[in-house]
């Protein structure tokens, strides 16, 4: 397997994990920047993530146009990915999904989402909420063009996650494995915070120093990171597709 | 497959999806109007939706009488379907079910159900609650005759969904695919609203303009709509039964 | 299959359904009175309900002694069943289990459990809470002898369900199918009530007249009752074991 | 199978049960003290518990060093196990995991976790919360060395369970079967307490006398304890691996 084949292979695994871990249902998508050309990225054609195979992966430019001729339908919201990859040169991979547990934090303004469990530290201390209506008024809530994508990317700023009001979230990370892990633990962190509220008293979030300490230790192919990727891949039937680029 | 065979095939898929997505359990049913005769409709005989096959589909008139001789038991509540199809000539398909997450909104009067997530927009801005006791006093809560069905249809009015106090919901739409999608996202929207309440602060629902914008863009066989139908059908083991009428 | 074989067959199905519907886990049990001898009943030897087969069924007298010589371990809490069957000659079948959703109603005294959904009507308007400590002080909370069983039966009285503080519930009904159905919908009714509380406002429970109307219509082998039994049996892999005694 | 083979066999079963019962995901681990050498213990190499087989089990000393030469990665947090086994000579087995339902009790200080259901009695009346920041300041929250392990063990003291703020729990017991059972019912007890709060009124916890009565009756191979182990092992596909040491 050459580098690009491996990348596409991993992107298929990521799609299946996100479906199996209830981050995506029929909707939601994950992308990865082309390591050989920072101005293009790969993602699936319009298809439920659970059904994605290698042949469904297409290459797009940062404005969402397919690099090769393409007759198949593309995700309407591919602009989320292109715009974030355009604005954030440090980001290699983006997820957009509607995981149920995060939706309330984009609807109610009483409790900001913040990391309360160590596995949630990677979402970062500040998670902005983007409301498409603020600039675009009454829409169908979808990020359906470059202008909307760039507006979302601007709200995301230097953070790792933005909530989208009444819709879902966008997460950005330095690697595919990292963005998948962030997307799996984001709803779990949301659930822990929501339930902690219910118990009353003071809520102890992770401190900035703790978030920083965890970030310093992060490596995409550390045994601890790999353990989760390997586990999730096996759970969704993709154990046989695993490759580990740092161990060739 | 001719048109009617395809319709019955799709109705079987709809039954299985509603069971697999926890909209129905042993109870609940889905119907579709006969496209060649607006005064009849198709639904299963009395059987749990997960077990429905083509041979279980029967044709009924709008008062719930079988068109062909039928010795098998019919759903007691087939009048829900007949009465809504009678009152609403724009409606092609009806679901009645007891999905758990919507039940609280028919029991407590403190928080009206309303769309808060984009996938829930199709339930519409207003969701009336029908209480069978208002007109019929102490009953077994089932819609067991034409008079009760028509009373429910009157409460539904021009809306897409009515809650039934202590019982469940009825949803009506322009196509089978649409009513299934609405029935799957109705409980998820209910859950998002319920959890958002818990977080405190203001709750931002979808505006009427957003609901309208989404309705304008809706097409039953758009890639986005099809994506969900294809995904849910595959999840419940009906992937091999899929046909796409607009692509013949 | 003769009557007793059919009865034991149905008892195995009931065990498997209760496990598969999350009413029981490793613990919990279901019994049925011997139709030929009202002073004995059948239940499994000490075994998780999901693993019960025909050979695991034993016959006990109302004080919990095995009718035939038995070297295998018996459920410690078989006295729940014997004592209820002793006190209530109208009851044919008993379930004891620890379904999670009902536990809070036996721990907190702020909200009495009551039927709020039509499928929950069979639990009855009044559900007493039995606290073993009231009469027996500090115990291991298990109903481990006839005296404790009779005390529980006395609290149950003429009701269909009693909660057991910090422990679980006991349900009693006129048939095996009925007690299984009651045990499946009991936790769902509890969940609906708990979530309705969260929405605020007035909670509308089923009226006594509605409960009575539903009871009047109940028949253990009606198409509606059978539909659930057939569905649950198929879901837990026991579809092939189904027999329908009223259709011989 | 000799004693050590049986012990390793049981440790594999324990790993699989903890994964299947949602106590562990990719993370979390279980250990058992070497019965022939109280200064060493067995646990898996760094691997998701669901994927653990006999060959993945390694022997470590109480400071977390492998007894035999080992090139494979070890769990970063093996010090939790070593330090508790060092401080508590009565303890034979330790679990550390992040089960979701217990997390809120380590984040919010409004409601202490305590046993409210009989199956939760073994967690004990007092469950201290250990905050790694109290002594070590801003860390990545992992127990990554002997000093941190010993600090946790000191907070655990003579209790059975300690919560770890923003992270998870550590449970200690006299046998592997007991620690697994405690770890499965710990989150369920947490959920019951959390939901009971929601119902309002007084919450009735287990009394110290009840906890003591249950402890007095506990035997690791009683029919009641075995029933759960047998059930959980079967559910996770390890039924064929079961051995019962007391019945040779």
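Letters A, B, C and D name the chains as they come in the text, with residue numbers starting at 1 for each one.
Throughout what follows, a residue touches a chain if its C-beta (ideal position, glycine included) is under 8 Å from a C-beta of that chain, and two chains touch if they have at least 3 such contacts.
Quick caveat, the model's predicted, so the values are computed rather than measured.
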TODO: Treat each pair of touching chains as one step and give the shortest count from subunit B to subunit D.
DONE: 2
- [ ] Compare the two sides of the subunit B and subunit C interface and say whether they are made mostly of the same residue numbers, over half shared, or of different ones.
- [x] different
- [ ] Fit subunit A onto subunit B over the CA trace and report the rotation angle, somewhere between 0 and 180 degrees, nearest 5.
- [x] 90
- [ ] Express in whole angstrom the distance between the two chain centres, defined as the mean CA positions of subunit A and subunit D.
- [x] 32
- [ ] Return the distance between the CA-based centres of subunit A and subunit C, expressed in whole Å.
- [x] 46
- [ ] Mind pulling the residue numbers of subunit B that touch at least two other chains?
- [x] 197-198
- [ ] Assign the assembly's chain-to-chain touch graph to one of these shapes: line, ring, star, complete, other.
- [x] ring
Open item on the list: Taking the top-of-page definition of touch, could you list the pairs of chains it picks out?
Closed with: A-B, A-D, B-C, C-D
TODO: Provide the residue numbers of subunit B that touch subunit C in the complex, in ascending order.
DONE: 25-27, 46-48, 50-51, 73, 76, 98, 100-101, 103-105, 107-111, 131, 133, 137-142, 165-167, 194, 197-198
Task: In the complex with subunit A, residue positions of subunit B that touch it - done: 116-119, 121, 188, 191-193, 195-207, 209-210, 212-214, 216-217, 223-224, 227-228, 230-232, 234-235
